[in-house]
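The chains carry the letters A, B, C and D, assigned in the order they are written, with residues numbered from 1 in each.
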Amino acid sequence: MLKGFHVPLTAKGLSTLNPTPPWHYSCDLLSIEFWANPRAVTAMLPSALSIDPRSEGRASAFFCDWQFSGDNDEYLDPARYQYREFFILLDCLYEEQPVSYCAYMFVDNDAALARGWSEGCPKRIASVYQTRHHAAPSKASPPLAAGSRFAASASANGQRLADALVTLTAPAKDFPEFAQRPIVNLLHYPQLTRRQTAPTIHQLVMNVPRDMRFESPWVGEGHLSLPICYGEEVSDLAPLRCGYGLRASMSYTVDDLRILRDL
Amino acid sequence: MLKGFHVPLTAKGLSTLNPTPPWHYSCDLLSIEFWANPRAVTAMLPSALSIDPRSEGRASAFFCDWQFSGDNDEYLDPARYQYREFFILLDCLYEEQPVSYCAYMFVDNDAALARGWSEGCPKRIASVYQTRHHAAPSKASPPLAAGSRFAASASANGQRLADALVTLTAPAKDFPEFAQRPIVNLLHYPQLTRRQTAPTIHQLVMNVPRDMRFESPWVGEGHLSLPICYGEEVSDLAPLRCGYGLRASMSYTVDDLRILRDL
Amino acid sequence: MLKGFHVPLTAKGLSTLNPTPPWHYSCDLLSIEFWANPRAVTAMLPSALSIDPRSEGRASAFFCDWQFSGDNDEYLDPARYQYREFFILLDCLYEEQPVSYCAYMFVDNDAALARGWSEGCPKRIASVYQTRHHAAPSKASPPLAAGSRFAASASANGQRLADALVTLTAPAKDFPEFAQRPIVNLLHYPQLTRRQTAPTIHQLVMNVPRDMRFESPWVGEGHLSLPICYGEEVSDLAPLRCGYGLRASMSYTVDDLRILRDL
Amino acid sequence: MLKGFHVPLTAKGLSTLNPTPPWHYSCDLLSIEFWANPRAVTAMLPSALSIDPRSEGRASAFFCDWQFSGDNDEYLDPARYQYREFFILLDCLYEEQPVSYCAYMFVDNDAALARGWSEGCPKRIASVYQTRHHAAPSKASPPLAAGSRFAASASANGQRLADALVTLTAPAKDFPEFAQRPIVNLLHYPQLTRRQTAPTIHQLVMNVPRDMRFESPWVGEGHLSLPICYGEEVSDLAPLRCGYGLRASMSYTVDDLRILRDL
């Protein structure tokens, strides 16, 4: 009996990309609210989702420094499980419910990529960085204080996909609304066999994280740019204008996925 | 209508991890024939496969410097599509047919990882290197000649998984038999939804490459070591003894997959 | 007039590896006190340094997640300037003064490598990771509390050089003594010109950081292993036993170097 | 007595970044001849060099897939010594002799960076890729034939510095003249000690490779772009027009450096 959650399945189950859920996540994050061309947003939505008319093309970009663990102390193997992430969410409606659709997601770690695929996150590999806050005061580390600036960037295959800057203005009691919508993904697994042209999996799913915790949220002004890159179309969502910025810590656990419907 | 073969599916289909097949491959490779503990081989085989009694635990390790292209000149974007690979094949039987089962496979590129998953290859990300041959003579580049040595290594998450050395003895007319068996994979895609514990996909598949070409094959003595690594079990297949080594160029095209059976 | 501190020197001084000092540093760090074979320590010391007889081969390993900035907000370009580091210090004496000699240092960033060389730090490139603490409670992120565990590792060229674990026991008022000695380096720059066999630079130097700040130090039990690696000799300093562990934040500024003597 | 050519100097001399010369090099390369703004070329030249009035701003870009070895079979440790490189040479005059000045050089390996610094090459770390030719025919691998196309790119810190394309037209008997000039570097090592503001080393040097071999050179049309990047000024040399392209194999040995003068 071969063991493991993701491939490779092996005799002992050690080499698998990931342990069986629950999957525990903890991060520092930067987020920027922005407005893209509504036609570009609409063009990126799978059927069964429609643009949120009250949102006027609103979207958000997230940059996360993640630490992951299963139930076997995987956080003590950071070379294998620590990672960084960049993703873009689009405001939209699913059966009149306001949700966010994940249009792009990039990580710098294969275990994270495999977990994401199982949740329908459209992950690719990239290099992602964000300015960090450390406890010891220094010109090299911005304090959690009004006026502090935090930057972030993401690059895939040597091309810069995104640059961001958040300037803090005030602590927040909670996450802003734009960062609180349920996240809907297109879980898609293609079929290589010639006789069957339909993908093996092509369904709309909703993330159902539990035990979500927010800590030390600060809001401020956000700035984001999505440069034009060869062979990429992230820049079609380039901001017409930007809104709030957010800097916070967050944690949650994943051990389930809600399937909304086959497409 | 969203476009792309793998995620992300997008309006124009540019950002997808891979173009729709056909997928064209070209490589220089090193391969080492070896014999693992037959019990360890048996423990790694999915049901429906059995160890080949004539092979006595025979296996092979491959190190490949690949160039990939779809039909849109992807070979001209090497930062996105060029990659290196390490994998281990186990001699076994499927319905009395001699085949090779791919137990482990590692690449250094996400597009290659996604293509591999669609073929059932159990790919993870690693760093893979092999000694190259260049046309200009130098102490830095071994000639294709008797006595020349070529080395290779693979490392995942900062741990050395494999070290290999091939010492050439003579040009070959064709690939040795150990490198010519059909390759069988376990195509496995797990299910995150709690209500359904069975994996979404769990089937035995066979690679069906076409237009396969071998060039400049040289055989020789092979040497392989698979060191013990924390959290990995590749070393359970550590060679009891090694056999032939091979250095060659190879190319083929993939646009189909044969599904053998659901497991 | 070409501009820049390190190469490349250019018309505008933008492409240089580093801005002109001052250089500001901020980090989270893990450190492990350990005792190596005194003969191995002695064999690693340059002339003018001698083993500290009271230390009996004591050494320390550090793993740092750094953020760097010059005076031009370089902390807002983390893709270029953020980095991670692993180094080993050896207790020794310089003219009867207790100091630490930096035997090995590895970073994952070229700007950091170049700055280090200018201070006599013997830097090479490696992959370095440490468990992080985030503000949001989670099984994925250990709290700063008694019993919490933090791990770290370093790997160069795909070989694991070091694995470490620190289990916190109590907050500390200050850094332990082992982490407070002045650091002495061998600033060495070889000569490629045949006619001159002596190195261009070969001198003993002392780091003179200023505005040093420690925050949130916790002490505990330390554990370190330095595995045997092909072509490396870090393992010659493998711990005979380990002592304190430390987890802390630290910051300082560098804009000077004290030259002790030519060797 | 500590051993090693570059740091770290150690008891046995194993951990050093590089063995003592001779250093043997072998590569496949792409090169593109181009013309930059002559004022931008002049602004990049150190004193003692002047723009070549017959060259009108001519420059060349090189992309190399290198294999390195010392005299101890370092080519059998490709994870540590194999590397890729991108550099830009500017036509200029030194005491009326036509030479090339190396304005920028990027590699993906620390041993190569250290060797380069010892030759005065202004190396930084980057990701560099070029289309490869393999012996087995495939849509994934261009033949060495008229009409074949080879591409290359270089990216530093997630920003694309250069994109190139060479379309072969005919085999050549030798390297074109633009790729045959002696290479002059500015060997610069800064001084961190406050009391001494002059750099420790600041001299004009000339590379003196020996046993140079060219194999299988093909010439063709070259195309190069040097995009604008934040914090970089490579793009100031962006081509006004491009000339020849070259695809070849090359090898040589380095064990000396000619010092032209202190600047």
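Note that in this section a residue touches a chain if its C-beta (ideal position, glycine included) is under 8 Å from a C-beta of that chain, and two chains touch if they have at least 3 such contacts.
Since we're looking at a predicted model, the values are computed, not measured.
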(message) Comparing the two chain pairs, does A-D have more C-beta contacts than A-B, or is it the other way round?
(response) A-B
(request) Work out which of B-C, B-D or C-D repeats the contact pattern of A-C, with more than half of the residue-numbered contact pairs in common. (result) B-D
(request) For chain A and chain B, let me know how many angstrom lie between their CA-based centres, rounded off. (result) 31
(message) Taking the mean of the CA coordinates per chain, how far is chain A from chain D in Å?
(response) 39
(request) Provide the list of chain D residues touching at least two other chains, using ranges where the numbers run on. (result) 77, 79, 127, 129, 153, 155, 157-158, 230
(request) Name the shape of the chain contact graph, picking from line, ring, star, complete and other. (result) complete
(message) Looking at the complex, which residues from chain A come into contact with chain C?
(response) 24-28, 65, 67-69, 71, 73, 75-79, 82, 127, 129-132, 134-142, 149-153, 155, 165, 213-216, 249-253
(request) Within their complex, state which residues of chain C touch chain B. (result) 127, 129, 153-155, 157-160, 163, 229-230
(message) Under the definition above, what is the set of chain A residues touching chain B in their complex?
(response) 2, 5-12, 14-15, 17, 21, 40, 43-44, 46, 77, 79-80, 103-105, 109-110, 113, 117-119, 122-125, 157-158, 186, 188-194, 200-201, 230-234, 236, 254-259
